[in-house]
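Look for subunit A in each of the two complexes below; its partner is subunit B in the first and subunit C in the second.
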Partner chain A sequence: MNRIELISLLPVLVLASGIMVLMLQTASRRSEHLSRWICLLTLILSLAAQLWHYPDAAQPITRLLAFEPVGAFFGILVLVAGVSVTLIQGPYAAKQREPAEEFYLLLLCSCLGALLLTLASHVGTVILSLELMSLPFLAMMAYNRQRTDALEAAFKYLILSGAASSLLLMGFALLYVTGGTLELAHILPEQPGLLARAGLVLVMAALAFKLSLVPLHIWTADVYQGANLSATLLLTSVSKAAAFALLIKLMLATPPVFARDLYLMLSLMAIASMLLGNWLALLQNSIKRLMAYSAIAHMGYALVAAIVATQSGHRLVVEGAAYYLLAYLIASILIFGILALLSDLGADADKDDIHDVKGLFWQHPWLAVGLSLAFLSLAGMPITVGFIGKFYLLTLAVKSELWWLIAAMLLGSAVGLYYYLRVIFSLYAEGKKGETAVTGNHTSRGWLGLMAAVLLLLGILPGLLGDRLGLLLLSS
Partner chain B sequence: MVALSLLLFLPLILGILAWGAERVRAGSANYMSLAGLGLLLVFFLSLQAESHLKLVWFARFNVYFSLYLDGLAQLMILLTLLLAVLAVLVSWREIRSNRGFFHFNLMFSLSGIIGVFLARDLFLFFLCWEVMLLPMTALILIWGHEGRRYAAFKFFIFTQASSLLMLIAIIGLALAQLSASGQYSFDMQALAKLDLPMASQWWLMLGFFIAFAVKLPCVPLHTWLPDAHTQAPTAGSVLLAGILLKTGAYGFIRILMPLFPEAAQAFSPLAVSLGVFSILYGALMAFSQNDFKRLVAYSSISHMGFILLALFSWHPLALQGAVLTMVAHGISSAALFCIAGMLQQRLHSRELSKMGGLWSSAPKMAALTLVFVMAGIGMPGLANFNGELLSLLGSYKIFPIHAMLAALAIIGSALYGLHLFQRAFQGPANQQVVDLDKRELTFCLLLLLALVYFGLQPQSLLQISEPWLQQLGQIATQVVRP
Partner chain C sequence: MQDWLFLIPFIPFCSSILLMLFAGRINTLATSLLGVGSLAVSAVLTLLVGLEFYQQGAQSWQQSLFTWLELDGASIGFSLYLDQLSMLMMGVVCGVGFLIHWYAAAYMASDPHMPRFFAYMNLFVAAMLVLVLADNLVLLYLGWEGVGLCSFLLIGFWQQEKANARGARKAFVVTRIGDTALMLGLLMLFDLFASLSIGDILTQVPQLGVSNLDQKLLWICLLLLGGAVGKSAQLPLQTWLPDAMAGPTPVSALIHAATMVTAGVYLIARLHPLYLQVPLALEIVAWVGALTLVLAGLAALMQSDIKRVLAYSTMSQIGYMFLGLGVMAFDAAIFHLMTHAFFKALLFLCAGSIILKLHHQQDIFKMGGLARQLPKTSGLFLLGLLALVAVPGSAGFFSKEAILAGAWQASNPMLWYLGLFGALLTSLYSFRLYFLVCLGTPSFKGKTQDYGAASHFMLPLWILGGLALAGGYMAPQLAAVLPASPLEHPDLLAMWLPVGLALVGLLLAWWWFGPAKPPQPSTAAWAALLKDGLGFDRLYETLFTRPLLWFSRLNRRDGFDQLTWLMVWLNLNIHRLGTLTQNGQLRWYLAVMLAGGILMLGGLLWWR
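Moving on, here comes the complex of A and B:
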């Protein structure tokens, strides 16, 4: 391993050493405050390292990792999500009874797993990092043991995620049998038999589980609802961004013989996810459940980019996927962040019912405006970043003439408007009497304000990022 | 001409200022908005026509921040600003809660509407098209009447869902330009030169048509309108009926017809039939209403049918008629909604059956209402007459049967108009109301003046909008009628 490779691995190394420091600190002197700042510092340093040494071409680091632009972009998303969770966790968990330091440890481990996943170029790394990312989730989900829902959610996730991992292993094993290689770029054989096809289906199923795509979506709603807000935010941002990075890289490397099979399978999954996700979200009163179904639908939209990737390696594909995921991430951070400001981890349940936020605008206008912006962005209204993401995807779909997918997207978006609007409308309804308590310090509020500003800025001036995205993502 | 972009941003800034002013001192938002609109009006009149602005906006897709002010846009923006003044005046006392936020929404929607009229780039056009929706929905939702939640939902979902189709069509056009010239383009002028095969032109046209037909509205897609207009606060109704509906018509004139002349020609028999159906259906439904605002709302559907009929017959006379109707209906329906709002404020009801005999207690209001109703019916000498006459004259030459049916509907409009007036103001006096105060009298008289002026002097409107209509006429002659 030479010096350049070490520098390229800097974000990962920073995270790993941050974990060490945090462990030592927790062992010697417990202090929630200190742990939070160590965690934040680690993530920010890692983010800085990632930004400072951004790859301009694919560059292998041993056989296990590859330092390349698409992965690096998704790595940034992962780290931004990690920073957000760290910032909202402090005030959110202030009144709970469990020891607070371990949460940050678990968070860093999970981020490390996700970051490695974005770098993975080998099946071994994929499996290791996927588990490193997922296992800490379990503990984070059930962090407040008094909440029975949380235990249920963690248990569900444990069993189903275990099943998904075994599918992944089996799938890669089958592919290895036919191809004889474990490198991701070549794992799909040029001349596939039945065995290889079966392997691919299993691998896709495991990824579909992580991305909560129909028909492997069933766990989503219960887990989102049961888990606490920080864990849910991690699940919806870190885990999805990392898994999607893997998916898009796999799809871009698909040999043409697989294209038709994949096209059919992914299209059906995408259409089903868009329609079912939006449909089931319609009557949810819990915002967390609503976000779970909306996540299903949004991953269905994002899958369109992956489908186009199997057809043609057009440069717009990666840009579209990246922009869309970014938009989804920002909106999720805002929504879960603001809900966390209203809730308390020590209480029996989070304040995520639609009635809990009724009339919020008349009491806390800024929070309500932030929530409205985030939901409008998810609905794809112009002047928010969500619209630009949707614009990219629609352009991709129209360009590839995927009319069925477009029809499902339109129908899904139209249905989606209703439930996003339902939440927004209740924010502006005549509220219940009595003040809604809000926690949060200046840093967490400032961070959410920054997210809202970015959401608007990238929506109004899409060129700021959009014009450069091509340079960022495609190796010259 | 960076000044042009101020036209877009100034209302928004003024709205924020008005919101802030209300926080400092209750009641100041009214004055702030009024002064701001006055300023905006002066600024707008100082701008010359034919000015344009083009800035790079989103280079990846070759999107420009491109504005263009020509006669037609000038006309529509002038109408917008004047009706906005009216909206502020009419809600002077009506809005009591959260007045600052109300004015912010009002001004924000103005920004979007002006953007729609100015945009020369389809991306920008779409953005403004959507943005004007948000504050309008807020106006209905927060300050509307009893069924406001449902109405706001319906309004938002109808317009949003239909505009998604337009978005697909816009992207389709940009991609067609990409395959023709190797570069994306959203510029209307560039896209108008694009030579598309009939099949794709047809589908793309349909996407735009549905979006504009929902806004106009044309009958199978109209059901949001009676709810939205009825439930909106008066200022909202004024803006909705006065301007928002016209953005649909404007879209036809500015985008659909120049961009897809062949497909639009081929589609015209169906479009014209829909227009005539809207005219008849709107009149019939208006006649059977018992709610003052709902009646006026259905009459709007009927009048908008004339515009559809006129536009898609592509006759030069009819096109002029359409533009005249746009302006005239903007004024007359806004006036009627103002009356409805003032009545609601006094009686706390819009039910016609609870009114009756109001003439005795409010003669000034009654007399003015009579004139506004007459304008709606299309009495010669008032603005609407010219528009409807020219529309019918022009379309008769192309679609005689349709024009005859549409002409029949004028009888219908007399029926529902007089029915409205009779039930509200004549007969035995059920109720006593306070007559118009000075503020109300002022803006009603101004509206009356506008109706009479444009009734006697339609040429001024035609002159302003002539260059663009001529261009449309030329396009029409180039296309062989199938």
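Moving on, here comes the complex of A and C:
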């Protein structure tokens, strides 16, 4: 391993050393405050390293990892999500009775796993990092053990994610049997036989589980609703971004003979996800559950981007997919962050019912405006970043003449508008009496304000990031 | 100096915007300064531009500001056009408009929504100036719609009362019918001439002259007439004007007497070369005017509301203008437009003073004897009425005489007879009004309110009174724009017959409504019919409103609506069906997941 490889691995190394420091600190003297700052510092340093040394071209680091632009972009998303969770966790968990320090340890481990997954170029790395990412989720979901819903959610996720992992392992085993290699780039032979194809489909199924794509979406709603807000945010951002990076990698490695069939399958999954996700969310009262269904739909949209991306390889495409996920991430951070400000981890349940936020505008106008912006962005309204994301997607899909996908996208968006607006209307409706308590310190509020500003800024000036994204991602 | 032409509509527009922005944050004085001051500046500018215009020999002149709309081959500019006709109209709008604004500042001083009032008024003046100065018909249409909007807003200015809102809505809807006709006419014009610039069209018209175009040209003329009839409250779209009196009195004076309602006259005068090509259209214009002037005169006879009398009188006088247009006495019609603006504004403002001093009493049967209590106002009121009756020497005499002279030479003598009958009616209802309001014994209980701001009130009235008296000696020079009326004075009998009829009217009015008789509204059926404006409202209600309402009720649950609801029903049911799968049971979830995996594998096999 030479010096350049070491530098390329810097974000991972920073995270790993942060984990060591945090462990030692927790062992010597417990301090939630200190742990949080160590965690935050680690993540920010790692993010800085990632941004500072952004790859120009794919560059292998041993046989296990490869440093390349698309993966690195998803790495940035993972780290930004990590920073957000760290910032909202402090005030959110201030009143709970469990020891608070371990949460940050788990968070860092999970981020490390996700970051490694974006770098993975080998089956071994994939499996290790996927588990490193997923297992801490279980503990974080049920962090407040008094919440039975949280325990139930963690339990469901444990079992179902175990089943998904078994699909993944089985799939890789089948691929290894036929190809004899574990390197992702060559894992499929040029003329894949039935066994190899079945292997790839099983791997895809496991990824579909992580991305909560139909038909493996069934766990999403219960787990999102049961888990606490920080864990849900992690699930919807870190886990999805990392899994998406892997999905794109696998799709690019698919030989053309099989690609057509695979894309057909993925297109059907995307259509089903967009429609079913939006339909399921229609009359949802729990915002977390609503976000779960909306995640199903949005992953469907993102999958469309991936399909177009791998089919045409046009520069706009990767840009489009990246932009879409970025938009989704920002909106999710805003929504879960604001809900976390209103809720308390120590309480029996989070304040995520649509009636809990009814009339929020009249008490906390800024929070209500932030939530509205996030939901509008998810609905793809102009002047928000979500609109640009959807616009990219539609442009690309029209260029590639994927009419069925476009029809499903439009129908899904129309249905989606209904339930997003339902939440927004509730925010401005005449509220219930009595003050809604709000936690949060300046840093967490400032971060959420920054997210809202970015959401608007990128919506108004899409070129600001779009051009850079294009340059960054094109080189791959 | 002429380069400042665009400022004349622009300044009231800016002031209107400012008033809208700062409504509620500025006091009465600032509002008056802004609202009236902007008009004063415009009036001064009009004067300066006018002086230079006439010094340079009254040459028509165009000011292009910017390209407004890009059309294929015919881009439409935001350009203004100044010639003798638009100069005159601009003078009337800014001059009379300024006086009325001045008066309104005193009239509305105690109203809490005064900034809103002046915002609308200034916007109206700006729109009216755009209308008269427009170089092309699209810009004219912009002004046309703008004044319609302001008229709507101002009629319903006191929107707390349902009747006012209803009057505003009626005015808007009825004029809208005319506006639609005008729009169609403009589109047909564009089709025919491939241009909407007034200058282009008018130079092309004489070269047409092909008989097969006549049918098309006739339709265009009739559609334009439809627009004019709607704006100017002529038959058959006249029903909105009496109800428009719900607005504050300065509004009635400015919009529904002096300026907006004469826009139809201006439109036809502006486009007269079109009408000259189609004699039938001109004849229709004449008949519309003649019939309206008689019907409105009859209706004015039996009104009991002072403002409604004046409204019907306005309708009747505009009827004279249409008659003038129809008999090709275009300059006479425009002359009458100008003098009418003077004396009718005076009449309305006097009526406004009377109404205000009698604590918003508008019923003429509850007035009486005001000549002694309000001598100056009554005197000015009488002056206005004399001009309206066209007593020799007053402003109305010269202009009306010119119109009747035109009608005298028209092919159909019936038009002249109707005009004469109208003169009798005018005199009858005018003196009835005066006798009931100013003579006799006061039926009004309590003292007339004494206004400290009386001088504010009075000064514009004196100026308007002077104009009503002397306006007739300021016959406008329109030779460069409008063809001269067939000038050859009718014989002495024809010239003095209207005056004689006016005298007869005075005597009849004395006999029927004089101070000797107790003021009593007539209760006969024919009187009720006249009071109702000859039942047009009821006719239209049965013919149009009721069937339309019936149809819309019938159509309430229409098919398209049901289709939308079907979509809702479908989506909700899919949602309900979908949520059944989310039952929260782990074993079911696991089974679904594995089934999903198998489905994916199965799909793979299937597509092989």
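Going forward, the second predicted complex is superposed on the first by the 473 of 476 C-alpha atoms of A that agree within 3 Å, B and C clash if a C-alpha of one lies under 4 Å from a C-alpha of the other, contacts with A are read in each partner's own complex, and residues count from 1 in each chain.
Going forward, contacts are C-beta pairs under 8 Å (C-beta built on N, C-alpha and C of every residue); 3 or more make two chains touch, one makes a residue touch a chain.
Not measured: the values here are computed from a predicted model.
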Pick one for A:A27: touches subunit B only (first), subunit C only (second), both, or neither.
-> neither
State whether A:M381 touches subunit B only (first), subunit C only (second), both chains, or neither.
-> first
Mind working out whether A:L410 is in touch with subunit B, subunit C, both or neither, as first, second, both or neither?
-> first
Given the touch rule stated above, what does A:A164 touch, subunit B (first), subunit C (second), both, or neither?
-> second
In the superposed arrangement, does A:F391 touch subunit B (first), subunit C (second), both or neither?
-> first
Looking at the overlay, does A:A198 come into contact with subunit B only (first), subunit C only (second), both, or neither?
-> second
Shared subunit A footprint, subunit B vs subunit C, residue numbers 418
Residues of subunit A touching subunit B in their complex?
-> 319, 376, 379, 381-383, 387, 391, 394-395, 398-399, 406, 410, 413-414, 417-418, 421, 425, 428-429, 461-463, 466-467, 469-470
In the complex, the residues of subunit A that touch subunit C are 155-156, 159-160, 163-164, 167, 194, 197-198, 201-202, 204-205, 208-209, 214-216, 218-219, 221-222, 261, 264-265, 268, 276, 279-280, 282-283, 415, 418
What residues of subunit C sit close enough to touch subunit A in their complex?
-> 571-572, 574-575, 578-579, 581-582, 584, 586, 589-590, 592-597, 599-601, 603-605, 607-608
Along subunit B, where are the residues that touch subunit A in the complex?
-> 56-61, 63, 126-127, 130-131, 134, 138, 141-142, 149, 152-153, 156-157, 160-161, 164-165, 167-168, 171-172, 174-175
